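Note that chain A is present in both complexes that follow, paired respectively with chain B and with chain C.
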Partner chain A sequence: MNKHPNKIYASPILIFLGFAALIYINLQVSLDRVNFYVIGVLSVVAINIILTVSLNLINGITGQLSIGHAGFMAIGAYTTALFSIHLGTPIYFNLLVSGIAAGFVGFLIGLPTLRLRGDYLAIATLGFGEIIRVILQNLRFTGGAAGLGGIDWVDNFYLTQFMAIVVVIVVWRIGASAPGRAMVAIREDETAAETVGINTTKFKVMAFALGSFGAGIAGSLFAHRMTYIAPDGFTFMKSIEVLVMLVLGGLGSITGAIFSATLLTVLPEFLRFIDEWRMIIYPALLVTVMIFRSQGLFGTMELDFARVKSILKKVAPENLGPEKGKSNPPMQKIKALGFDSQEQKPILETKDLSISFGGLKAVKNLDMQITQGSLHGLIGPNGAGKTTVFNMLTGVHLPSSGEILFNGQRIDGNSPYSVAQAGIARTFQNIRLFKDLTVLDNVKVAFHLHADYGLGTAVARPPKFGAAERRITSEAKELLEIFKLGDHCMTIARNLPYGAQRRLEIVRALAVSPKLLLLDEPAAGMNVLETEKLMELIHWVRDEFDLTIFLIEHDMSLVMKLCQTISVLDYGMKIFEGTPEQVRKDPRVIEAYLGEEVS
Partner chain B sequence: MLKVTDLHVYYGGIHAIKGISLSVKEGQIVSLIGANGAGKSTCLNTICNLVNNSKGKISFLDRDITSAPPHKIVKLGVAQVPEGRKVFPQMTVAENLDMGAYVRKDKSGVRHDMGKVYKLFPRLLERKNQLAGTLSGGEQQMLAIGRGLMAKPRILLLDEPSMGLAPLLVREIFSIIREINSLGTTILLVEQNANMALSIANYAYVLETGRIVLEGEAKVLAADEKVKAAYLGG
Partner chain C sequence: MQPVFGFALFAVFVALIVVLARNKKRFPANPISSFFFGFIIVLLAIGAANYFMVAISANRLYFWQQTIYGVSLGSVYALIALGYTMVYGIVRLINFAHGEIYMIGAYAGFFGVTSLGFPFYFALIFAMLTAALAGVIVERIAYKPLRKAPRLAVLITAIGMSLLLQNVGQKIFGSIPRSFPRQFTGLYRIGEINLDQSRVIVFAVTFLLMVALQYFVTFTKPGKAMRAVSQDRDAAQMVGVNVDRTISLTFFVGSLLAGAAGILVAIVFPQIRPTMGLMPGLKAFVAAVIGGIGIIPGAVLGGLIIGVSENLVTAYISSSWRDAIAFGLLILILLVKPSGILGRNTREKV
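Entry: the complex of A and B
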């Protein structure tokens, strides 16, 4: 309940202190003023940061609960040990190979398990982590329970730090890019993410493999520092330790992950003087933090360099001001993709479409054609199967029988994201926004398909990246401006009033640049005046974006004025189809739906 | 019966309600109408103490309930039917209704009231053992109202009961609301469908951007030119 997603940016003093500490430590180490033990602890800090931040990509950003991170660390550590002992390969090589090995296993494991959601995934990853450990314990070439010794000792203090910084930057950059937004969208609402064209399986597997890659690197650095590794160093407890660090810092916050990984690694060392008591103080601290800050120390808060820069230079952060000069009207671009609406051919066609839920036929033998460029209405009593039709058209439900043709191509059986990519976007009856994201980010997520760059670009950030991001931001803002949401760009979506949330959902759907837009009760919760405005807007949108619009609505004043053709559904069957005039007069429709007095 | 005095609410950094005072007399139907974002739902949520960050005083049957926890408020006899239905999707219809009576101890009374709810909504009886998540929108709305009634409230707060309902059903729901009222439950109704709301209410308040701009007998408001132009469509 007490979820405060509002981004509150940490004070620049914190950033400054962090960097000061980093410089101070390195200065002390380079001047040989620090003993071996302290260097060891500091290296473990860096390794734990790598583990926590890479787990953050899976658990925090993408929202998949993985509790087997130690398993991937083990793969990295053993890969390094085997290469180092048998082939004497250098650390840089081992680092890379270990990362790839862990990442590859992550990919293999992720492919089947990431279809599971929530608790099931947690159990699957837990099982996987244990399997890895048991295998290592029983294989001869991994040294069994005794483990492997004699790994090349490398003074990798600086390298470990460097790698920690690299991992932080990589995860950070992924987070603030189109692929990162896709991942966050999956965390917020997987179904909604699919319907804006995000291949959720692909991005989940991607996050999982990359996170595992990070764990592999951590394992490699660990092996080279310890020179001896054994299976009991990678138990379930290690996975939990990393998870605790992540949750304590705040799921989703890289800053929090760094902070709490440092704190929880160093604190036990300082508490050594109270001996056994620290076993009580440490958990007590955790419980206290979770009670008073259930969202973790940092929540989803992130240090924001744009802000630090702005304070240093006393200029406004660039992403907050409106874009000047180059405005690139999205509609023209989308229009260019559109085609002639003169032809009266159907853009969408269903043939003998049926679906059953547990024996109950929700939609029966539906034959329907929607003309290119038309405004087509779907009405009928509650429970008639209208939303179910939408769900079939968008791939959310698989029809039991029949065909769906979109521009002459069969799309039944396609998953929601590919239907969205083909050009069908939708809104939901009970609004499915990415509630904890800002209004602007909600739209930017949907512009995902316009982002003509991949993960590599997101991490390396060539000039192309900035240009693409600026274009996405300005196009998103422009769309929001059109829908009178321009002033709300930085508002968290859940804080918008109901009507504005509905408008935002339409904007998000338009950002997919669809050819067919499905609106599920767009006027629900709007009063007469707002409904009238919405009507104008829908009309305008259809013309401006060259769309075909298919809508479900109970507000007869809207449907009758707006739609050229109306189909009426009752008990899953089409009982009538015609112009508003015909529908108004048809006795069957009056009996099933409209009632006697028609307004 | 229910009295709200000088209520201010801050919501997501916005001053959503700026000094609202209203009162609901026993046995009445009182309606709040107004545009989206005017603060109607926030007002209901604040009465049930589901929103923090409020200033002002709320009293029910002369008891101060401003800072009482939500479950206590329900026990005192205030039940809310939330916007967007919010039924428990993985529970059956009957279980949902049972949950509505969670604060009650009188088992026979609960049985009796469940019978009454089924009488009001025969559709729910037909679907007694169906999971609530598989109901249609209109049925879910019926269930949400039924669940609210199961708490045996003195006052029922309804948030947009007509939303997403077919025209036939809208009329049905409103006649049921009137029936519930005639059986002795006071009603505070938030509604976008101002025509319908004013037709069944005794008294109404018009909200605009967090303030009450107009109040009066529902009949008088329905005839008011400004109200007609802004909310009734001509």
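Entry: the complex of A and C
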């Protein structure tokens, strides 16, 4: 088994020692040998782990910068407080209700705000966090600034610990599943994620609501432990505290989140003697870590339990992989998904397609038909609007007017992900891989549409899950094998040589099992030999996968040799269409490329 | 009883409709969010209509008084927001520590006036320079080493720097608020409206500084370099702009303004404390985003909007809701026009 570059293959002894320590602490607590104060600290550790790991789902895994986590914790805490005070409901009930309340608010807030990206999203979440606090401060039934007291005190040390473990396992399992890969893909490159058929809004909102659910649970446990809560406990500073724990451990690493949540909760207890300096040391530490190790202590590294598992099951890790020879070759599968080719029927058609940016009409009244099963080229001078056409076809840009028909269905106005799901996949002019994922994961992300299981299965992991995952992995590997990338499965995509990156992008597009493949300058930056090979490859792909291919290219020799039909675009208008021979001779094309003929 | 808030709500409502009507993109994206937005709009409409009716029978004088106070508070937000917007424009960083620079300005002004016995305008310059120095030091220590780091790392560093300065401030200045000696006690009367001299001075100084800034950025060579770097760092470097120095200069100028804001606030609200930078800092950033981040007139516009609406909320509803209005406005603007009021929609190049 190749080593995954983002895994820490910890020694089993260390992991067993860790578990032993956990058992030892619990034993001591159950024997009443630990004083109340220490139990309190340990509970806070567990609560902070819940907060940090759930924030990791939003910030680390999905890459949506949220800095209002304390607001959701507050919702959980207040829900619990109100239920406990007024109805005297038990903690298990409160836990669930608080999680749901926070998750629901997260869903409501996430729906509109997650359209925003990066810094803007951060500021919006900050705003919501603050608004939640101000509202709590002003409502009478939440006790205003004084807060609520008299919540049932529950000795919830074990429960808190149990919940922390549950949250960690849930987030861990989500991370290592198809929905999790979709989330990671969003973090890596949102546009590229959409073009492989990932409904980015859905997964972002999902991550946000689930993360908020976790924060709600933490709030509930917190309320039952403290018996008294006030809005002051859920300020911007609390959100930052959680963020610091996450970032110190490494954004995207659950291992790191657990480690640093523990460290940053316990460490200050030992620093009591310099208590007054604590609030200076804390931020100074943060700044120092960022300057010298900006990816955090663990980066996106995760512990891997494969070795532990292998000892437990007395099975060598090699045998945990897919069973050979059982899965269908991907080609056949993908072929099966496509429909019977009918000659001369246009698979894609544009009618009077136009788009303008500000005053500039980038594409004007484009009428075009692409025949089923053909190799169609799109050429034109720089700035002619070729990539813009691709962007409109894939839903990245919304046309100003006109229609796009794919298999007779209108697809203009559809989001990129639904266009991809309909069967149009693409590559990009400036390669857009998920650069920090492994080659294999890049392809597995694109197999997302073949994963016939949802979030529930990802968490519960019935046998169906294992089967689906093994199938995805083996199909992805086979596809990579075909494109001679099999040896690079565990390479981080950014470290691949240029040509291999281009190939990987094609593999990723094929994994979507498209009926129409759009290639945006596939030969850009390649030398003559590489272009030659690429040409054979494209031909072979078309036949083997029963595709229609539409490509933009600057390399004339490639287009001329490869394509049956060529459309020529100049200043956003189609000036000619025909066979390579006709294109070569057409005066308008020559003029567009070489300027007006000198006569 | 709450006339103007009603008017503001109404204005927001109209603006929302206009923007929605103009927006031809796929928005709202799906049935659920269209329901969500529809709901908000109906709610706003009802609220606005209600308030607007009440407004007719209200005390006009009080309204104008509060609006003018709002403008003077808003001009201070604008001063801080300018620093945010300039820094964001040039390094794409939300400089969370900017609020603390403002705090440092207030303290420098305080010690200038008390311990050093400076006259006010001298203390103002002293505060500005001290804050500017602090701003440049922060940039050199914390941000410069991270110029090539992922943006998130820099953002977290900025949050860390903000906390650090706050807590160092608590250590040095003590956490007990200090009282800034009263500088201006005069009162102007225009018609029936009373104007504190201090608020007039705040507005006048702010206005002067903004004019100066506009001149600096538009006509001077370093100002042009700044604009060049904010558009394309590499290209600016290639035509001979010293990028590092320009970035430092941006921090210098931004902090200069924040320092001025610090001392100006102190003459109206004389309580100064080490944590005073947090909220105004956040709100000023919100102001910058509302106006369109990276755009200088946008920061001023945003600052004024927030200042006025905050003051009106305090006057007509309750001061305890004051902190919510800025963030509420922010979210509204972000949802409707993420690039801010004066911002231009930029597409991601694909």
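Everything below uses one rule, namely that the second predicted complex is superposed on the first by the 556 of 599 C-alpha atoms of A that agree within 3 Å, B and C clash if a C-alpha of one lies under 4 Å from a C-alpha of the other, contacts with A are read in each partner's own complex, and residues count from 1 in each chain.
Everything that follows uses one rule, which is that a residue touches a chain if its C-beta (ideal position, glycine included) is under 8 Å from a C-beta of that chain, and two chains touch if they have at least 3 such contacts.
None of the values given here were measured: they were computed from a predicted structure.
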Chain A as common anchor, with chain B and chain C clashing or fitting: clash
Which of chain B and chain C A:L398 touches, first, second, both or neither: second
Partner chain(s) touched by A:G454 [first = chain B, second = chain C, both, neither]: neither
Contacts of A:G466 with chain B and chain C, given as first, second, both or neither: neither
Contacts of A:Y498 with chain B and chain C, given as first, second, both or neither: first
Which superposed partner A:P112 touches (first chain B, second chain C, both, neither): second
Which superposed partner A:G525 touches (first chain B, second chain C, both, neither): first
Touched partner set for A:F357, first chain B, second chain C, both or neither: both
First, second, both or neither for A:G380, with chain B first and chain C second: first
Residues of chain A touched, compared between chain B and chain C (which is higher): C
Which of chain B and chain C A:G150 touches, first, second, both or neither: neither
Overlap of the chain B and chain C footprints on chain A, listed as residue numbers: 357, 387
Complex interface listing, chain A residues touching chain C: 65, 108, 111-113, 115-116, 118-120, 122-124, 126-128, 130-131, 134-135, 137-138, 145, 191, 201, 236, 240, 243-244, 247, 251, 276, 279-280, 282-284, 286-287, 290-291, 294-295, 357, 387, 391, 396-398, 413, 415, 428
Interface residues, chain B side, partner chain A - complex: 11-14, 33-37, 41, 83-84, 134-139, 160, 163-171, 192-195, 230-233
Chain B contact footprint on chain A (complex, rising order): 6, 357, 379-384, 387, 429-431, 491-492, 494-500, 521, 524-530, 532, 554, 556-557, 593-595
Touching residues (chain side chain C, partner chain A) in the complex: 24-26, 29-30, 32-33, 36-37, 92, 94, 142, 145-146, 149-157, 159-164, 167-168, 170-171, 278, 282, 285-286, 289, 318, 320-321, 323-324, 326-328, 330-331, 334-335, 338, 347-348, 350
